[in-house]
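In what follows, chain A forms one complex with chain B and a second complex with chain C.
Entry: the complex of A and B
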């Protein structure tokens, strides 16, 4: 196992290097002058060139492209991700707060998703074609196919504009609130975006769990287990569910790693200051270093998630040989 | 299972709506709902209007010269105890400011003349630009500004620190007379003790300089001097010491300002205005009242304990205002939102005319728009009333030249101006008349005369010049911009009727600024002739610095690259008046507007009527074209209910 993990980790290095080259290349090919975008607008003509030259050197653009790449790459490994032109400050300072907000929001989403979707999916499989199953299938179809912005706007209209129960969006403040009031303010602001995201995730996960369980329940060993007179709960949870775990574990692993990935549409609609909304803003404002850093980060997260999923396969299914 | 699902959903909603209906904003906090802010809280960084509200409330109330909400400049009596104005033999004019001794920073420490001199010096220094900031116009017009600003001199000759509460500023004779002379004498305080504890201000008859505190010069060793002499360097001990001191002074100021750019810029620890900075988190900035603030120019102090500027999505701000989540939103222009707010019982609207306008802007040094007749044709190919109706829901007007309805000159001579100018709107025949005076007179063969009656809406019959080149204009607008939409709709329909091919490209705002301001620098990559943007005028209307003087051809400052000797002459005549010659200023301004319209570098499309939408709990929110809510914050009050 250890040898397998080390081998996979070593493979990740050239993969990440390739991704880094592609990201850097795309960033360099983006139109526009990054220095010009960062300069203040009211410089007088004779001051402009001085400021331009200073910023050009500061960004390291006076060096060759390979030098720029390696400088950027090794700086990135040291945690220095460059300068955000949109915010005019280091990228690392810009992403910390939205990353925290996205993780907090996603914890709520994942909690709801796993708590609801797995038991419901199992029950749907066991009670296949029942009213319970059909009802959840309809639910699943509706929310999986519904665009998140539409669902968000429906919720906003219903709970904020019409009923006036929940905030329109945004984030709570620690200046005017503290203690439990601050905690409940967070919950109040989170409810709508978290519910929208959770409903969509639940809809998707229920289908995965249900289908995996139906496959498992149709296997001969389930018939054998039942013939042996085992309790139905034992058949379902010890025999069927364990064998359905591979696809489910994939969903669970990727769900957990999605903690760090924002939801651009939902965060934008609810003005949630998260990483997804920031990515949209960065793209709109052509903030190259911020876009590259976020994409590099998402790439690393994806690579690690794939590795963890593979390891989990070996753990949940002895037939999978990691070697 | 059902119980579990129902329980989770119920708990979520119950927790979320624990307090029932939405709470109203706190009585001690004024909550503004605004678009996103950048988070730059000191001057010199960023150009967001919403960040600027905060900068004004933190830093802009202790200026020696300020202006009223009506845009009238005056010496700030809260700051200035006394002042004198003297003119020397060379014609330089010196303003000597004696400050009140009871001005305090937000930490309770005293504001002194040294803080004003430090502001003038650091804000115009090359070190400030090197730290990543812009130095705007601080110190501009003073004696020795160019030398200090470029780094050629280590002393600012036009600035002198006289005593703890007195300093002087000398305006260069070559800048005088100047109609807005008083603006050259304006200065703000900067907290030298916080920004540059490693520096000192030293002043003598030659001017003021920033020196490194505690710097001790150590002469080079004899071996080094010998080596320097060998290579031909100056080894005069006095010169060596002077060079070392100058280097140390520059390095000390740069180090201090870089620290300011990395820290104070994002979280100011000290301020002189009515509020002090508390925090910027999750796109909301909080300010708290500055108990040491002496008052605005009328001596008024603010009454609301906290100010919160909160990011809200712009399509929801009015709903949030009606729901009581925010107290006000400013600068609204969309008719449907204004109507909705007006219909709400708990909201009132305050409107004012814009001191500026939105425009269809044309580069005058590139392609067909080099010809004023082509530019005039563009003026006749758009229905500007439709722009006002479509975009502003009728809340706005149309100007005929470079002015805003709220400018004092317009208030004094608006009727006369409108008589002098040529009103223009959609008129295909007029557009063809102007194009018939250009080189675009032929069909595709470059020989057969163009016949306007054959032109159609599909654009199958276009104007060409003798070389067979088609008359075509490329427009650059921005995405999700209703002005770009209406420009596309109107010109795509009307331009072909005058034999003109018009195409629209949409990019992001940075691309627009790149191509508009720096088009002259794009060489072969240059492709756009026209753009849509907007302009706002400051109380000091000086077109020398706003696009039109030929001194700035080949720089972004003359963004349309318009060069016209007659316009130059009028601009200089206007600015070279004595401040007392108000009538003469208006007279030349009228001539200027007429000439500007003849050249028509921009087609003014609309001049908005802005609306501030405000909760009925808030009073005194009487903004003007020149005074945002931040400038009148001392007049604003809020009720508990």
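Entry: the complex of A and C
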């Protein structure tokens, strides 16, 4: 098992390097002068020129491109992500709060997603072609084809404008509220974005759980188990579900890691101050270092997710780790 | 015995084979089933699936709407009319009440989407569509005639774009409708000045953003949007000498009591600058003055017409008349002339079909034109209406027709999706097949490349890329950029699937059987393995198309996709990031969003049905 994990880890290193090169290339392509963005605009001409040159050297722009790349890369490994020109603060400080907001939002989403989608998916597979199954199939098809912003807009229109039950996007303010009131304000602001995100991911997860369960239920060993006279519950949960676990575990792992990746669209529509919305703002404001850091962060998350998924594969399926 | 009869003899079967070479005999039911091509089987299976049929119908409807529709819909989808912004879906602008008696109509005036008729008993009749939205608590609706006015006897009425002014027989001015610049109420200083001089209101005028009156002592008072009326500067020569006024949105043409003309307002406009010399001197006997938004027209006693102003829309090209002109009416961008024999000649802009006079119209006795509507009344008192009927799906903030933009936007969205999926499939096929065929280090290298691309977070990088590269490109090039970005960032799962399918199929028994029969390696690949892979590709084209449509919509919605003014279903929704748009102008986000959902949903349905049709085992699902 350890060998398997190490092998997987070693494969990741060149992949990560390639991604870093791509991200660096994108950052270099960003329009605008990174030096000018960092300088105050009220300097006199010659002063400005001096400050410009100093900053140019400080950012290492006088070095060759490969040198710049490695300087940036190792700085990033050390946890120095550079300076956010949009907020005029180090990137690491800027990211902290949106990250917290995104995680809080996503915890709710993931709870809903896993608690609803897995049992429903299993039941759909067991009661294939029943009314229950058909209803959920239609549900998942509709929400699977629904762009998140459209669903968000419909929800905003219905629940916060028309019915007035929930706030029109935004975040609760910690200045005016405190204690339980603050907590409930959080919940009220979270309901709509969390529901939108959850509906779409539930639709997607149900399809996967259902399909892998059906595949498992069609196997010969299920017939054998039934022929032995096992209880239907045992057949489904210990024979079929265990074998369906490989694709399902991938989904669960990716879901759990999506905790940290914000959703730019939904967060923008609901003005939820999360990491996805921050990315869009950063792009709008041409904050190169922030963009690169966020993208690198998302890439690392997905790489780690792949790694963990592979390890979980190995855990649930001995064939994988032996081959 | 019976067994022997059923078995054909060797000779008989040879005969049948030989016969089969020359004569194609009718096949029995079983033979026919066996000879059905795979394509036929798939089609048959497909059309057994109700959801698949629905999906196909909806998708074809979307295609027809966008591609056939764009052949018929005028390609003026970028044509905008700022005054007509945010009009709700409706086509009843010209639907005057059927029982409206033309003989009793004194005057018909129109705003951008509504009209009022003043009857000879001083009552008002209104029709059309409400152009305003209900703000908090206060109503600025224009169509509902306020209670206190119903009992009054109205002697004159005029309309701005979204508001109405009415003068009753006691000289009292009433205004209602959009009041954002205070244009519906007479300002206190004007009222005080009138009280001081004992003057009464003589004439009333209104434009899109402001209102004006001419008092009985020939003074002109203007109020409304400060930004516009600060340009309206009256000189001493004009004060107390104004007889008549013709209004554009930014300029006014004044007829003074000495017979001369003067223009006030925006000095940079051609309306202000190009006034013919002879008119300002007062040597010509002016009979009537009218004005479009940016053009003025003067009719003199000899029946000659003088016109100047913006040269756009052919407004200054007056057609030759063979008869005398009885009256001239001006709309927002067109002129109508009623000739002596009762026929109408119109010229100017026709984007909103302002010039399309009804064909079988008899001789008219009166015409009214305002904004984009025209009304004519004949001797029998029947009323004819032509001009802008309305926008069936509403208009956006620039007054562009949503229907036209949806049609052309659909063309763009569906094309972008199609080309992106083409790029995606080509890359995926290349990578997947190469790695499956060659295996070994090629496979390793390509699969690691796939890993790299899969680890790239799609939406963030797509946003960053289309912004970083997009700012260097022109609008048309950006369209290609979106296709490439979408294609290049989405091929990985398909490539993996193709490779996996190739490996699975290669190990299957029928391949072994084919090898045992001595069929060439190449033929096994093309005839036995690849068809099974291509089935997978076709299913994934339809499913992937749906998600690419969504991605395009999402990118454009965030403002990183197709650039304005080219429409796409996604970028028509961009403005919905504004809360006022979500709240008040539902048609601007709901309808384009619905089209995206329908196209994506139908594409998904087709993909699902195809998968089931191609692989009968999937029916188990």
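We adopt the following convention: the second predicted complex is superposed on the first by the 300 of 323 C-alpha atoms of A that agree within 3 Å, B and C clash if a C-alpha of one lies under 4 Å from a C-alpha of the other, contacts with A are read in each partner's own complex, and residues count from 1 in each chain.
Everything below uses one rule, namely that a residue touches a chain if its C-beta (ideal position, glycine included) is under 8 Å from a C-beta of that chain, and two chains touch if they have at least 3 such contacts.
Source: prediction; values computed, not measured.
Undergrad: Go through the superposed model and pick first if A:298 touches only chain B, second if only chain C, both, or neither.
TA: second
Undergrad: Give one of first, second, both or neither to describe whether A:141 is in contact with chain B, with chain C, with both, or with none.
TA: In the superposition, A:141 contacts chain C only.
Undergrad: With both complexes overlaid on chain A, does A:269 touch chain B (first), chain C (second), both or neither?
TA: A:269 sits against chain B and chain C alike.
Undergrad: Return first, second, both or neither, reflecting whether A:161 touches chain B, chain C, both chains, or no partner chain.
TA: After superposing on A, A:161 lies in contact with both chain B and chain C.
Undergrad: Tell me which partner A:123 touches in the superposition: chain B (first), chain C (second), both or neither.
TA: Only chain B is touched by A:123; chain C is not.
Undergrad: Under the stated touch criterion, which partner chain does A:31 make contact with: chain B (first), chain C (second), both, or neither?
TA: A:31 sits against chain B and chain C alike.
Undergrad: What is the contact status of A:64 with respect to chain B (first) and chain C (second): first, second, both, or neither?
TA: neither
Undergrad: Which holds for A:15: it touches chain B only (first), chain C only (second), both, or neither?
TA: After superposition on chain A, A:15 lies in contact with chain C alone.
Undergrad: Does any part of chain A touch chain B in one structure and chain C in the other, and if so which residues?
TA: Shared contact residues on chain A: 31, 156, 161, 168-169, 268-269.
Undergrad: Tell me, which parts of chain A touch chain B in their complex?
TA: Against chain B, the touching part of chain A is residues 31-33, 36-37, 39-48, 50-51, 54-55, 58, 86-89, 97, 101, 112, 115-116, 119-120, 123, 132, 156, 159-161, 164-176, 184, 187-188, 190-192, 194-195, 268-269, 271, 273, 281, 284-286.
Undergrad: Going by the contact rule at the top, pick out the chain B residues touching chain A in the complex.
TA: Residue list for chain B touching chain A: 1-2, 4-5, 8, 12-13, 15-22, 26, 29, 36, 38-40, 44-47, 126, 129-130, 132-137, 149-150, 266, 278-279, 281-284, 286, 306, 308, 310-313, 316, 319-320, 323, 325, 508-511, 513-514, 518, 552, 555-557.
Undergrad: Show which residues of chain A lie in contact with chain C when the two form their complex.
TA: By the definition above, chain A touches chain C via 11, 14-16, 18-19, 22, 26, 29-31, 128, 141-142, 144-150, 153-154, 156-157, 161, 168-169, 210-211, 214, 218, 261, 264-265, 268-269, 279-280, 283, 291, 294-295, 298-299, 301-303, 306.
Undergrad: Of all residues in chain C, which touch chain A in the complex?
TA: Where chain C meets chain A, its residues are 448-449, 451-452, 454-457, 459-461, 463-465, 467-469, 471-472, 546, 550, 553-554, 557-558, 560, 573, 576-577, 579, 582-583, 586, 589-590, 593-594, 596-597, 600-601, 603-605, 608, 620-621.
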